[in-house]
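Structures follow.
Each of the next two complexes has subunit A plus one other chain: subunit B in the first, subunit C in the second.
Let's look at the complex of A and B:
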């Protein structure tokens, strides 16, 4: 038995080793680094205690980026959910060209985020972009999309929504297609109209899928940084900076390794706590536990 | 309550199929107001198709559906005012028991007080009144099925209550009590009920009229007694009854019928014909006797099976198997050689698989 068990562990070893190398080791290393004064002029693993954490507490730019991320992630995921659900409902039942629409809706998701952000940058360009051109044609004033903080945030959200709604759509459509037929037949027999059927049958039945899709998207959105990099580079000023992007600046561009280690750990813990809390809240709100 | 007529209604799920292969061959039926009907037949015989045509979930390929004389063939389910209980309990998971029962009435915009009175009445009848505040999803499968039934019963103007094998997923022990409950309820509320099942017991014990179906056709319609006493075909004789009706091949040479060389008198005389004649007799009427007499034949006991309060004896008579259902207290005959008596009035003549009617 013991021999067999040892054999089994041998098979697990490559996986465990990889896991250790790409997750456990970097994590432990980051923890150690966060207590060191490692920076561009002093690349040493010394020990400076909690000085990095103390500095972080007073770093307004970091906390502002966290708040901004919550707004960006929460806002875009809600919008993605609403639009994605709507699109899924549109192509759920028999409609003309259903397959065509289903594939078309998925195209944005398949595009590389950086390429897509670059294209959107052109679209939002203040003097050359088609958006302002269109606004001008309609007699509206031009909007400084990428050079003023409010519009820049809005532009970032539009890009996020555009790219990730298809993912939401895909999960929700799969959910809709797997629903049993009987509750809908029962609702028709009980005399429920379209609106009532949606709120009393479709929506509650979709609760598990909705919660799962929302949480998956929130986890993804909490890592938001690539489109920020391409679209606004965190600007104007630092008004569109997300923690991911700010960490990139501090850690990789400015080489403040120790300090960014402290920030990334804090960011990780905050995200785990927040997302676990959100998941628990959503689960409770939809009464998913104890369901048969 | 309404009278439901289906006129020349037939249905094929795939278009362009010849009529012989339709799921439901064109047929004409009337379901009278306030009566309970059972549709029985093996899987795939068209029972559920017929039910879904009545509720409007399926639009028939041909024919018309009339509720109290009004043509509803083109009306959607919602406009037909019908209640349907499915094979699997269907409840609205996000709602309480009360909200589930009130749902059809809220859809119809009844006022609050009227809804409350009706829900309380139905919950009382279904024994759900002490659980009205509970989330419906927490209930057991049979209680959920009661909710499905209750949603049909709260609407007192409902044209008919259709039940599609509602006891299939219920535990055997609970099946019995739930069946009795459904029966009590339908007796109390008197809706027109159409009950689909493949279980002949359920059909016979539940319905005032039973409709036996086979391959998309209605084979026989009648009271449980008629189906038991005079199956119109050997198919019905086999399908209804446990064990199935005995069918024996008999000889006839100008004179009376003979079985193994001895005269067999049948319930009524039938004209001579070229086709093969069978006689059918229910196992319940076959008697094991000690003295020889008319319609009594020697046989050899081949086996005994236990059916609870009854025993089924398998007896070989003139090379054919005859089953006799005897009460347990009668005991098992001693020895293999026994005499069986087939009461004349219960021996029915069949030609070509069909009951030959008294001329």
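Let's look at the complex of A and C:
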């Protein structure tokens, strides 16, 4: 029997080996690299203890980028959720051209982020772009979209919301389509109006999908860097620099391999802790809503 | 009995391993080409037209010599593969591909070109070099990376150094290709910053009169950064070309990670490069103390912050592409950077074709003396040689001769003459022959424009007060820190002095991390170029 089990477990080996090669090994390697002084002129895994981590603690640029990311990711995901839910509700029921609208809403998500960022850069171009032209036509003053901190952050958020709301829409629509009909019928029999049905039936029933969609988007949003690269290069100053973009600068461009290893691990731990906390809070909040 | 198959397997594996090792070990015999009949006659007519409509009809003559079509087509490299890494298409990536295709056609070699985006180029080249892997035989990269690359590069052999094309490379670009007395980079491009202005505005008597009435000064091509600011300020927001849209004074590369450091150094050069003070512009070479926060640099950053009022809307986030199209498209009166904006302005369909002029970078009326810690009041100018694509062959390459033959062919006189005419290729004058105004006039440039262009470029060669990039190990880190400081000042996050103090602190950290001796030894090469020592 033991021999048979051993043979059976051998069938797991390819999967486990693959898992080790693609997840465990790179992780272990990154941990090792993060304790090394590997940089552009010292391509060695010399052990330097926690020096990279100590340097990171004093790296104001890194911590500022984390704070900025919380604002960017949190803000954009909330907006994406609200708009995505609204769009999903619109095409959930029978509306004319439902299929057309569904496909149309998905177009932004199907485009490459870098390409879209480049197009948005032209749209926001302060002297040649159509947005400022339109504002001028309406008699409004031009906005320095990419050269002032506030507007640059807003521009980045607009691009993110535009690009990723369809993803939220897709998940929430799938959730809506899978909801059972009975609770809605019961609500109708009880005489609940549209608003009350939404708050008391639809929204609570959508809780698991909402939490999953929000967490998936938060994970993706926490890696925000390609739009930053194309749209603002982290500027003006460093006002739109995200951890992903800062890691790119340190790791790929400046080749501070050891230091960027330490930063990426810290960033990973922070993200895991934060997102686990956010998931727990969201689940609790939706549950409370459902119970009430 | 059961062990025998394993033994047999081990024996086969050992033979296979030995064979593989023998095949992959450095083998000069494999590298040598066979002789074959040439595919071109001496002096054949060369054109890129057959490679597509994107190439101009321009035809040139194959100049006889060891790198010519005729000579290279005598070599048979069939059965051999050359691996090349280059920047993404089109800038330098497109000519790399084009000449690789031609090299394949005329030598029978197989040439594999990998084009990578700029952000990944440094790492993709350096990591295999550091690991001792001959991932690429030929590499194209910015010449200022020489401090990182030099230990892994094969010196250019004497026979290539003695080709007529190489002997015609200007002294400056031979210096740029040289490291510790050895030529390790194969020159394929020449880059420098200079000033570009609209002559239809600056030479217009009505504009001159208006400028004089408003400022009391003569309107002319700016000789100093102060004059540049005056002129740019005066014309900013005015529709000086009557197209119904406002024009602006200055277009500059200001996007943080898009070569802003070069723009800033151009502005700083005349304030910091004192011909009477030797021993380094960026560092004091004796102590390796950063000089980036000294008064000359601070004044340049002050100037740059003031210049914001003369930029087009969005000008504080202009990448090189924006700068090219802002000046080349006629939106701004002046700009300073590489040749691209000038070439753009001179395109046949440009509305400002032959209404532009090249001129040396503006200078200053005083220059900081770090020895006396005071300003020396005197007119000063300091040409800045920055960037420039280059190429090199890996020391670990097993196909060095084929690799050098490829570069020799890439940069032969016919190819270079054609490449210079295609703006998107990023190939700019680097041979004395390129300073011939007739060459540019044949492309439809007005004689005055061609004259100003070649005079500006060749004049920089004669200067004894030049500034070069910080060509030391870790240059990307140093420039990244500098760009960050400049961006912080431009965004109003820090004062120029505070921003540059921060950069100086960063630079000291970087030097400590890389090793003071290592950086100092490399920096001596830069200082030697600047001080002509």
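Here is the rule we go by: the second predicted complex is superposed on the first by the 272 of 292 C-alpha atoms of A that agree within 3 Å, B and C clash if a C-alpha of one lies under 4 Å from a C-alpha of the other, contacts with A are read in each partner's own complex, and residues count from 1 in each chain.
The definition used in the following text is that a residue touches a chain if its C-beta (ideal position, glycine included) is under 8 Å from a C-beta of that chain, and two chains touch if they have at least 3 such contacts.
Bear in mind that the values here come from a model prediction, so they are computed numbers and not experimental data.
**Student:** Does the subunit A-based superposition show subunit B and subunit C clashing or fitting?
**Tutor:** Here subunit B and subunit C can both sit on subunit A without a clash.
**Student:** According to the stated criteria, A:255 is in contact with first (subunit B), second (subunit C), both, or neither; which is it?
**Tutor:** A:255 sits against subunit C, while subunit B stays out of touch.
**Student:** Please work out whether A:97 is in contact with subunit B alone, subunit C alone, both, or neither, and reply first, second, both or neither.
**Tutor:** neither
**Student:** In the superposed arrangement, which partner chain does A:139 touch: subunit B (first), subunit C (second), both, or neither?
**Tutor:** neither
**Student:** Kindly classify A:186 by the partners it touches after superposition: subunit B alone (first), subunit C alone (second), both, or neither?
**Tutor:** It touches subunit B, and subunit C stays clear.
**Student:** Looking at subunit A, does subunit C or subunit B touch more of its residues?
**Tutor:** Touched residues of subunit A are more numerous for C.
**Student:** Which partner does A:60 reach: the first (subunit B), the second (subunit C), both, or neither?
**Tutor:** A:60 sits against neither subunit B nor subunit C.
**Student:** For A:15, select first, second, both or neither according to whether it touches subunit B, subunit C, the two together, or no partner.
**Tutor:** neither
**Student:** Minimum Cα separation, subunit B versus subunit C, post-superposition (Å)?
**Tutor:** Here the least C-alpha separation of subunit B and subunit C stands at 49 Å.
**Student:** Once bound in the complex, which stretches of subunit C touch subunit A?
**Tutor:** Interface residues on the subunit C side: 119-120, 122-123, 126-127, 130-131, 148, 255-258, 312-317, 319, 331, 473-474, 476-477, 480, 484, 487-488, 490-494, 513-515, 518.
**Student:** Touching subunit C in the complex: which residues of subunit A?
**Tutor:** 37, 39-43, 61, 125-129, 132, 142, 144-147, 149, 229, 232-239, 248-249, 252-256
**Student:** Please name which positions on subunit B make contact with subunit A in the complex.
**Tutor:** Within the complex, subunit B touches subunit A at residues 55, 57, 76-78, 81-84, 86, 88, 90, 92-95, 103-104, 107-108, 135, 137-138, 148, 151.
**Student:** Can you list the residues on subunit A that touch subunit B in the complex?
**Tutor:** Against subunit B, the touching part of subunit A is residues 182-183, 185-193, 196, 200-201, 204-205, 207, 287, 290-292.
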